[in-house]
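So, here's a batch of structures to check.
You will see chain A twice below: alongside chain B first, and alongside chain C after that.
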Partner chain A sequence: MMNRITFDGIKEKSFKSISKHINENIKKNNSKFNILIEKFNYDKNPNGGLLENVPITIKDNIFYKNHIASCASNILKNYRAPYSAYVVEKLLGEGAFIVGRTNMDEFAMGSSTEYSIYGPTKNPIDPKFVAGGSSGGAAASIITGIASIALGSDTGGSIRQPAAFCGAVGYKPTYGVFSRRGLVAFSSSLDQIGIIGNNVGDIAKSAAVMNGKDPHDLSSYLDRELKHLAEYDFDSYEGERKIIGVIHDFSDTPISKEIENSYKKLISELNKMNYEVVSIFPPFLEYSLPLYHILANAEAASNLSRYDGLKYGLSNNEGNYFERVKKARTEGFGREVKRRILAGTLITSEGYDIDLYKKAQKLRVLLKKNYDVLFSTVNFVLMPTTPTSPFKLGEKINDPIAMYNNDAFTTIANIIGSCAISLPLGTTSGGLPIGFQLMAAPKEDAELLKFSYKLMKDLG
Partner chain B sequence: MKSKHYTVIGLETHIQLNTTKKIFCNCKNSYGAPPNTNICPICTGQPGTLPVFNKDVLRKALVFSYALNCKLNLFTRFDRKNYFYPDTPKNYQITQHDYPVGYDGEFYFYSEKGQDSIKIKSIQMEEDSAKIKHDAGDILIDYNRAGIPLLEIISEASFHDINNIMPYLEFLKRTARFLKISNCNMEEGSLRVDANISISTDKNIIPDYKIEIKNLNSFIAVKNSLLYEHDRQIELLSKGKKLHEETRSWDEKNKKTHLLRKKEAISDYRFIPEANIPPFLLSEKEIFALKSDADLTPYFIINNLVNNYHIELKQAYKLTAHKNLYEYFIEVSKYTYSYKKIINWLLGDVVFNLRKADITIDEMKLLPETLAKVIEMIENGELSGKLVKTMLPELVKGKDLDKLIEEKNIIIYSKKELERTIDKIIKDNPKEVKLYKNGKESILSFFIGKVMEETGDQGDPALSKEILINKLIK
Partner chain C sequence: MKKLRIDKKLLDKMCDLAKLDHDPGEEESLLKDFGEIMAMIETISNVDFPMKDERMIFHQVINQFSSTKKYECDSEQIIEKFPHKRDDQLLSPPVSGNNDE
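Right after this comes the complex of A and B.
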């Protein structure tokens, strides 16, 4: 429907024709769907390389030196990145260029890109619907042909859910595959930079470029298998027989009829094609969402405390220290961010309830162990990316619990630190995209990407 | 009826480690640079930055934990202490809470009077905060200090006598200096103390409150603030007032403590693990390898001096006041076994002359072997102590010993020469010899005076006396 920009599509094209194409698509789509917050003044990247002439968008919480990175927040509205993110440097080093920064939920907290000071991003498939979030602008920039690769961040599903809602591929790597240096922190133990793209191959190639052991991020590591995907011939992939775990019982994690039917249809297709599919109960899946909110909010309250209006960002000159900080934060943060900071502060406060936060940490360890066991019996877990199809703009904005519920199937990968990819494998009766998520064990990123490529090819 | 009071004091001592770089970034760890010149995005808390741990900090923390006889956590990690304050760039401090490097230790220390020990609750690694300066109503922040590595040494609340605190702090400082982990310079703020004090009327009851005096940056301030607080609390308690937990500051000018905040306002620090720094899993082997780096503590050295060198505790204590002084002693002792004499000269006239000339022991030009030679010559009666005293001002500045002897026209009196001189004096003064033999011992000073006269003050009086007595009773 829209002339998207795939790696194959730009192979023979000049920078000039690519940028012309991008400009046309921006003109056509941006005011309509509110995708880019800012288009950068870009030029052909003089570094040739594996990603020569590949147009990239970056989410507004990822740093590109001397460019504004505001996290769609008033408090950082004019904040200019003092350095580039590690992954941005890597991409630029291989010849890619950056088109602009994309809209998002403020500080990546949300599932609809409605909590943005720049207004919501609309779903380019049908602008009455949300694009998903928090990387809504990133997903929209792919399907409107503004970029080939969109960098986003995924703390509990923020890459995969908008990819699913927009009909793109969204990859959240294993914790540590991409350095977080230059990603504004939301929840440090859950955050990962991720990629939204048109197809698995483009994503894999970019991931190979972006991966590396960054001396500035102690959690980052070099993944040799992933590195090999830079010049891998995906069509040659055979692989030994892989076992896919699927869910048959959704009573603890309710999903819409439409999603359930589509999921069942997908499973029967896989069976027909002789994939090995087994039924599983993903352990503690029903606890993952509340667990996620305890962990994420506790860390967010701490991570966001640095925004005090003294050193950078929204500032004022009124009253004493505490009055100034209070004013900057009151005016600087939006409702949802405040809600999460307050929740995070409450649950970590001494004497609050039953040591909820400590228990959450223990449960996280338990979950990791349980999924280690699960992944010793299956290679992948196939789940819906979201429990429902895209919802309408404004539909859930005043119902935080309903909004949070979007992440029912995505947070588990962040909690256990594993990798997952959302693949566009269905549509609703109304023509809206449905995404299904393939999750693998931590550090199985290369296998996940290879297998996803084959699955997409087999399913046509 | 006058009731008895028991004082309960615990100390939190912060020591800045002397690593070359800060704890989480590559900025220089140095004192005295112009404000905000040793800073980067990490130590000023810019978004998107991550702490990169300087492993040298862990090494030094482990060595110090060994020295304080702490148990070591094989699993150790950082936590975040969350609180808003303008000196805290991220509004949380990266510190250790649940799994500190060292815990349950016992620090043995000496004073001039003897030995003592205090239980150590924990030793933790953390980042220093920025420095705040109040300037005509403005708050000025210097981030140079933000991110300098600190060790926080938390003692159990088991000091009961304010007089025990100075020796503890002094010895903690010496230990850090001897192990080369910190310069512990209080003027530069590289050793700072928070003191907790409360008073109980019953020895067996731990008070239900404690008053914290924050940021004490001199030993005198620690002592005076605790004495003040001790008296203030006793006065309030004797009036029947109930005391509550609070944080106070010490006002050096007016010699008073002032209330900073009450308990209700003391923050709940909401500790959470620092997810950006993976926990450390240390192997027994790895940490055991560091043990030998913690061997040469002043405690060990004093024991050694007292037990093996038979030096008085008081002098051993003085000798270990500075590492360089002790090391100089060791060098001199390679050339002469008169350990006590070395120490007497070193702590006495050498130090006196250095101070007078305003030079440090490091800058001193008097070679250890020269000092040893001088001491040997005194022993042999070739030089008198009195004379050496006049020579030292020049010796410490590097004057050659032989040249000085030549210039001063000193005739080196060996024992034999001295004997010959004394023989002559005895022969020349038969009347006085007779008096001595008849029991007039005081006549001895007449002979010593004669010896001095003959030798031009260069004969050693003690040695002369010894020879005289031997010869006179014959």
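Right after this comes the complex of A and C.
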């Protein structure tokens, strides 16, 4: 099952042999773990290039022209993308090919891929456990050897958390590194397309291809340092001495003992290897979750108001306009999406405590300033990716707060718009993967990737 | 800070605004979840940092004709103190000394 596909020697292999390998892995794993929602009829990409023969999967909320992009929701069940996402065009332009679309939590709202109309994706290491979410299908497609690179989206940890739960590498870039054109909007100020892969080198090469200034997304920008990683020799990276900020006090965070111990063991390893490690208190970490949910839900309520059963997807002909819209939305959205829309509607309603939303916006600015100061002192912040190891299927599905707590360490990077990467940190005593997260200042993506490569090499 | 009670009336109002219906059988659990989510969200009201008076933030203006003079006042006072007015209408500042306006 674990015969993964890395970039090593992939150009020299025949497309036929890669395709055969993928098909065997799909046959062996897909029905067992529910990874791909749809396998595409792919062929060798005639465009040669940096990513020749590289198989990729795309999350069900990323557009690939004329293919369904349903966001794992009833409301968009048969919706076909009218154009390809900017990043998809970039990857196809360099010779990659798309194997299929992967399972996810509906509209990327969730941490276990259980809120999908297609059913949950199971953890490929142990199918009794969740694969994480919302990009659970993407992470599982890497581990099961269905793709070399999986595109996902990360609004509050949806790339990094499933990567950690499945034992993969998950990279959430700085806001704007990848154009969001062709990504279905959940929370526009927090959403970013990200990459899950087998190793840092593969991810860096793909990121170099995907980055660019897209005239259709004014928040996107060209990162020349990142572009250089396309041909970069990572083994040559020495780098000046980097300072890593670590947390010693988890009293305000709901972290499991097992994760805390693994994290502390990692810190002592780093000390032994002469890395420069300093103790920090990440500012307002304990408030990042409520802050995230105010911003994300308010934006989600607004973004998802476009699904009225008239312009997109699910529609009906019953009753007047209002009745039709209400019926389409009621039947089209799942329970978690409805919960978040209702919360977002309340937060932005006249009559509700308006100070809360204003306070959240101010806190976001304050947080950003605090992290700017922090990143002028340390180069990276090292945290566990998740507060717990993978949990059992169904364990948290009826407890939204317990589900949200999975994002305790990941939302902060989205709130301040910085880059972060989840790297594998071995397994629990039960053999389930766990991960740790490195976060860097905004626009330090190239340095983060180079350093992560070195760190993984040093950690063996 | 004023907090709203999460009850059926509020839930129905939000559903109406969000153009959603809910299954009567699910009402109780939806109310419970909704209440818990809002309680979690409202913990940010515990963050202790100065919240300036909104009017001071949005209506703090600098007199363009005297960079040292700063007004900190509400909108009515700004209108009152505006340097160029005619018949209670605010006028744009003169571009040269010869401009009568």
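Here, the second predicted complex is superposed on the first by the 456 of 460 C-alpha atoms of A that agree within 3 Å, B and C clash if a C-alpha of one lies under 4 Å from a C-alpha of the other, contacts with A are read in each partner's own complex, and residues count from 1 in each chain.
Please note the rule applied: a contact is a pair of C-beta atoms (placed from the backbone, for glycine too) under 8 Å apart; a residue touches a chain by one contact, two chains touch by 3 or more.
Only a predicted model underlies this, so the values are computations on that prediction, with no experimental measurement involved.
Partners chain B and chain C, brought together by superposition on chain A, fit side by side with no clash.
In the superposition on chain A, A:F322 makes contact with both chain B and chain C. Vectors from the Cα centre of chain A to those of chain B and chain C enclose 40° in the overlay, to the nearest 10.
Once the two complexes are overlaid on the shared chain, A:Y79 sits against chain B while remaining clear of chain C. In the superposed pair of complexes, A:L356 makes contact with chain C only, with no contact to chain B.
Legend: residue contacts after superposition of the two complexes on their common chain; A:Y237 is shown touching neither chain B nor chain C. Looking at the shared chain after the overlay, A:A301 reaches both chain B and chain C. Once the two complexes are laid over each other on the shared chain, residue contacts for A:H293 go to chain C alone; chain B is not touched.
Look at A:L366: by the touch rule set out above, it reaches chain C but stays clear of chain B.
Look at A:F250: by the touch rule set out above, it reaches neither chain B nor chain C. In the superposition on chain A, A:H216 makes contact with chain B only, not with chain C. The minimum CA-CA separation between chain B and chain C in the overlaid arrangement is 5 Å, rounded to the whole angstrom.
Chain A uses residues 301, 305, 308, 322, 325, 345, 349, 351 to touch chain B in one structure and chain C in the other.
Partner chain A is touched in their complex by these residues of chain C: 1-4, 10-11, 14-15, 17-22, 26, 29-30, 33-34, 36-38, 40-47, 49, 51, 54. Chain A meets chain B in the complex at residues 63, 69, 71, 76, 79, 81-83, 85, 180-185, 188-189, 215-219, 298-299, 301-302, 305-306, 308, 310-312, 321-322, 325, 345, 348-351, 357, 361. Within the complex formed with chain C, the chain A residues making contact are 284, 287, 289-291, 293-294, 297, 301, 305, 308, 322, 325-327, 329-330, 333, 335, 338-339, 341-343, 345-347, 349, 351-353, 355-356, 358-360, 362-363, 366, 398, 400-401, 404. For chain B in complex with chain A, the residues that touch the partner chain are 41, 44-53, 80, 82, 84, 86, 89-92, 139, 141, 268, 270-273, 275-278.
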